[in-house]
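Consider the two complexes below, in which chain A is the common component and chain B and chain C are the respective partners.
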Partner chain A sequence: MSPLLEVKGLKVDFHLENRIVHAVEGVDLQVRRNETVVLAGESGSGKTITTLALTRILPAPARIVAGQVLLEGRDMLALEEKKLYSIRGGVIAYIFQEPASFLNPVLTIGEQIVEAVIWHQRLGRQEAQDQGRELLRQVRIAEADRVFNSFPHQLSGGMNQRAFIAMALACKPSLLIADEPTTSLDVTIEAEILKLLTELKEKVGFSLLFITHNLAIARKISQRIYVMYRGRVVENGLTEDIFKDPKHFHTRELIAAYHKIGKL
Partner chain B sequence: MILEAVDISKKFPVEKGMFGPASARTVALDRVNFRLMEFTTLGIVGESGSGKTTLARVLLGLIPADSGTIRFNDAFISDFRKDVQIIFQNPYNSLDPKMRIKDALYEPLIIHSVCPRREMRGKASELLRIVGLDDAAMERYPSQFSGGQRQRICIARALACGPKLLVLDEPISSLDLTIQAKLLDLFVELKEKFRLTYIFISHNLSVIRHIADTVLVMKHGRVVEHAAAHDLFERPAAEYTRQLLEAAR
Partner chain C sequence: MLNYIIKRFLGMIPVLFGVSIVSFAVISLAPGRFSSLDQAMNPKVSAQYQMRLNRAFNLDKPVHVRYFLWLKDLARLDLGRSFVDNRPVAAKILERVPVTVGINALSLLVVFLVAIPVGIRAATKEGGAFDTATAVFSFVMLSVPAFWLALLLMQLFCIHLGWLPISGLHSLDFDYFPPVRRFLDVAWHLILPVFVSSVAGLAVISRYMRSSILEALQQPYIYTALAKGLPQRTVLYKHALRNALLPIVTLAGLSIPGLLGGSVIFESIFALPGLGQLFFQAVMARDIPLIMAEVVLGALLTVAGNLIADISYACVDPRIRYK
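Right after this comes the complex of A and B.
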């Protein structure tokens, strides 16, 4: 069976005032159905830009200059903009590091989830509200009704991240891209969110592409790892193989940091 | 002993409405006690909101405690402003974006009359070398550095006046793990070199295990456990410590 997502030779440039920066220099990667893949690497290695390019939501100075992004066989880079509307969120959904900065501060959590549900599933308001509450329960929010009526600033970081995950799931995506979703959270909350994502992946049935600089997380949740360094994938393989026999020096650096302070 | 904290308590008002008086007070610190021995590292761990940063701020006198006393040993801390320095989590906010690095380093040298003006450049250059940066950094602005480099600059600034006690409030948490490991090595090296005492706040238990001699575990403003690092990680006494360790495994 063909993979859910196949990226071939992706190149992204940043066109700055007086120069061009090659942010992503020919990335190949695959995500299969129901698989958890980690994209690891240091800040600035091109992880986030690679994943934003998949649905063409790159920031202004960035341009995709080469490559293919095949999602269930269709090339996302060749699709017209309009066709992408239902794919963004609908097939590929994102969660990010600071949920609070991606949630609308003047709308309640409920209003925001309902908006997503109505947009992607074409439901009526009442049905959408019922489903919104159900989604909050699905991400193990005990007081779903209270959270539904709360504004983001009234909730903790962990709770906002759960609500954000609920919103991402509202559209029943096939691929969830999680960009450092636990980096700003406490260890206890981080462990809960990782467990939640793994459970939901099994239950709901999506693939997870998880970005992190922390290989402790990769070891916990992923089957395969891609290591990026300076815009390129420098190593990839099964998670256990990468840990056993890392080839590239940056992979070794990441593993050394993991052994030193990434685990107890 | 370099410092002793006795029964430190602190409450904050909880805002109710925009204009009404505060109706309730939340307990940030609840009778915190500890002693800090010189040339050791005290690790403080706990979840967000457990009172770690409030404790640091109270120790530094940045906010007053409601009750309790902090005693600094005069043999070590004679000039508080000079002898006690802090490094914050976010190096992006701790440096003036419009100040060249050399000026950021000159500032503490001038304020604390560390050296005559003609020796400042040499001193600043030495500070940069100590934290692993070179002279090229002098003329640049903070935006031209990575997060890890900026934190090194903050460390150089903190060391400028020859402190005895450094309070490190999540000093590496916002950085990549590989950069965290390098900075942790730097902290260990500096401690030996300058005979420093550290209060190291972190929510990352493995970082604490790496650097701390004794550990204070905080929850809801209280100290739930205070033990030698080795004992705490091998034989945690409090249920809450066990939970934290479990989550980190």
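Right after this comes the complex of A and C.
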């Protein structure tokens, strides 16, 4: 069976005022159905840009200069912008690092979930609102009604991230891209969010592409790891194999950091 | 929220006292008195006549006594009578209010109704022809003095082309017009004044709107909106615009005191009987009750405008709650 997502030779350049920066220089990766894959690497190695390029929601100076992004066999880079609307959120959904700034400060949590539901599923407002509350309960928010009517600044980071997950899952995506979703949270909340994500993955059924520089998380949740360094995938393989026998020095650095934290 | 508003209202009182004391002092210190102006024109005015005038208007009393007399009247909502024609100051101001407030409100409306869409368009096509053209227009209009622009436009539209009336508020035979034609006549006379008084605001607000939208479009929540699959239009008009309008709301609130501030130069050029003209005449005549009334009114509106700006800001931005 062909993989859900297959990226071949993806290259992204940043066209800055007086120079061109090669942010992603030929990335190949695959995500299969119901698989959890970790994309690891230091800050600035091109992890986030790679995942934003998949649905072409890159910042303005970034341009995709080469490669293919095959989603269920269709090349996303050849599609016209309008066709992407149903894929973003509908097939590939994202959760980001800091829910507080990635949620719109002037709209309620409920409105931000409901607008996605209405847009993708063409539901009426009332039905969409019911579904929104149900989604909040699904991510284990006890006071779903209160959270539904709250603005992001009224909630804790962990609560916002749960709400964000509910929003991402609103339209039943096949692939959830989680870009360091726990980096801004404290350790206990981090553990809860990771548990929630793995549970939901079993229950709802989606593939998870998880970005992190923390290999402890990678070891806990993933089947396979891609290690990125300076815009390239420098190593990839089964999680256990990579821990047993890291080839690239950057992988060894990341594993060393993991062991160092373990000893603290 | 209600407590907050009451507290702000109470806070306004010392500010208004301060403003009235300072302006009363400044006007009293200014050289020349109402009673001595006649003499400057006509040397035959006798000393007795001057003394009689001084006594009649309490000008023979010390400043602080006059201030408290003025304050006593104000406490009874009596703004006093004008030195010049002995008419109540309140009536003199009220008859000028419609012209000034009308023109200012219209130009404020024009400014926000035009500048916001222009700013949005310039931001979405950043660096494009429209953006460049509006940038040039803005910088030119900000640098050009309004009175000079007014004169140029008058020459073009009123003298060479003859499309618009050159000055005043209505035609000579206005009184014989049916109501619809009166309305059109006033509108026709207002085109040029409203345009000239909007130009600077247009330049500033459209640029402000543009940068505000550009800033909002770079915020992380825009990526979220895009990642949800929302179309460009929704991302721009719902997610970016809602946030970009926040500072504009403040600006709108802060322009409220400007509604009553008639421009002297401007009203002179277009021969409009507005508050600016009245104020200027009052200053030239050392007509203290009229000057004080206009100053206090201006101060009151400024403070109230700030309060309205703060309240409206809280209405549009859920993160702001006053206690």
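Here is the rule we go by: the second predicted complex is superposed on the first by the 261 of 264 C-alpha atoms of A that agree within 3 Å, B and C clash if a C-alpha of one lies under 4 Å from a C-alpha of the other, contacts with A are read in each partner's own complex, and residues count from 1 in each chain.
In the analysis below, a residue touches a chain if its C-beta (ideal position, glycine included) is under 8 Å from a C-beta of that chain, and two chains touch if they have at least 3 such contacts.
Predicted, not measured: the structure shown is a model, and the values here were computed from it.
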- Message: In the overlaid three-chain picture, which partner chain does A:224 touch, first (chain B) or second (chain C), both, or neither?
- Response: neither
Between chain B and chain C, more residues of chain A are touched by C
Q) When the two structures are overlaid on chain A, which partner does A:47 contact: first (chain B), second (chain C), both, or neither? A) neither
- Which holds for A:162: it touches chain B only (first), chain C only (second), both, or neither? neither
**Item:** Touching partner for A:186 - first (chain B), second (chain C), both, neither
**Value:** first
- Kindly classify A:232 by the partners it touches after superposition: chain B alone (first), chain C alone (second), both, or neither? neither
Chain A contact set shared between chain B and chain C covers none
Residue set of chain B touching chain A in the complex reads 47-48, 146-147, 176-181, 184, 203-207, 209-210, 233, 243-245, 247-249
Residue set of chain A touching chain C in the complex reads 52, 55, 57, 59, 81-82, 84-90, 93-94, 96, 98, 101-108, 112, 115-116, 119-120, 151, 153, 164, 167, 171
In their shared complex, chain B is touched by residues of chain A numbered 42-44, 156-157, 186-191, 213-215, 253-254, 256-258, 260-264
Within their complex, chain C touches chain A through residues 218-221, 223-232, 234, 238-239, 242-243, 246, 316-319
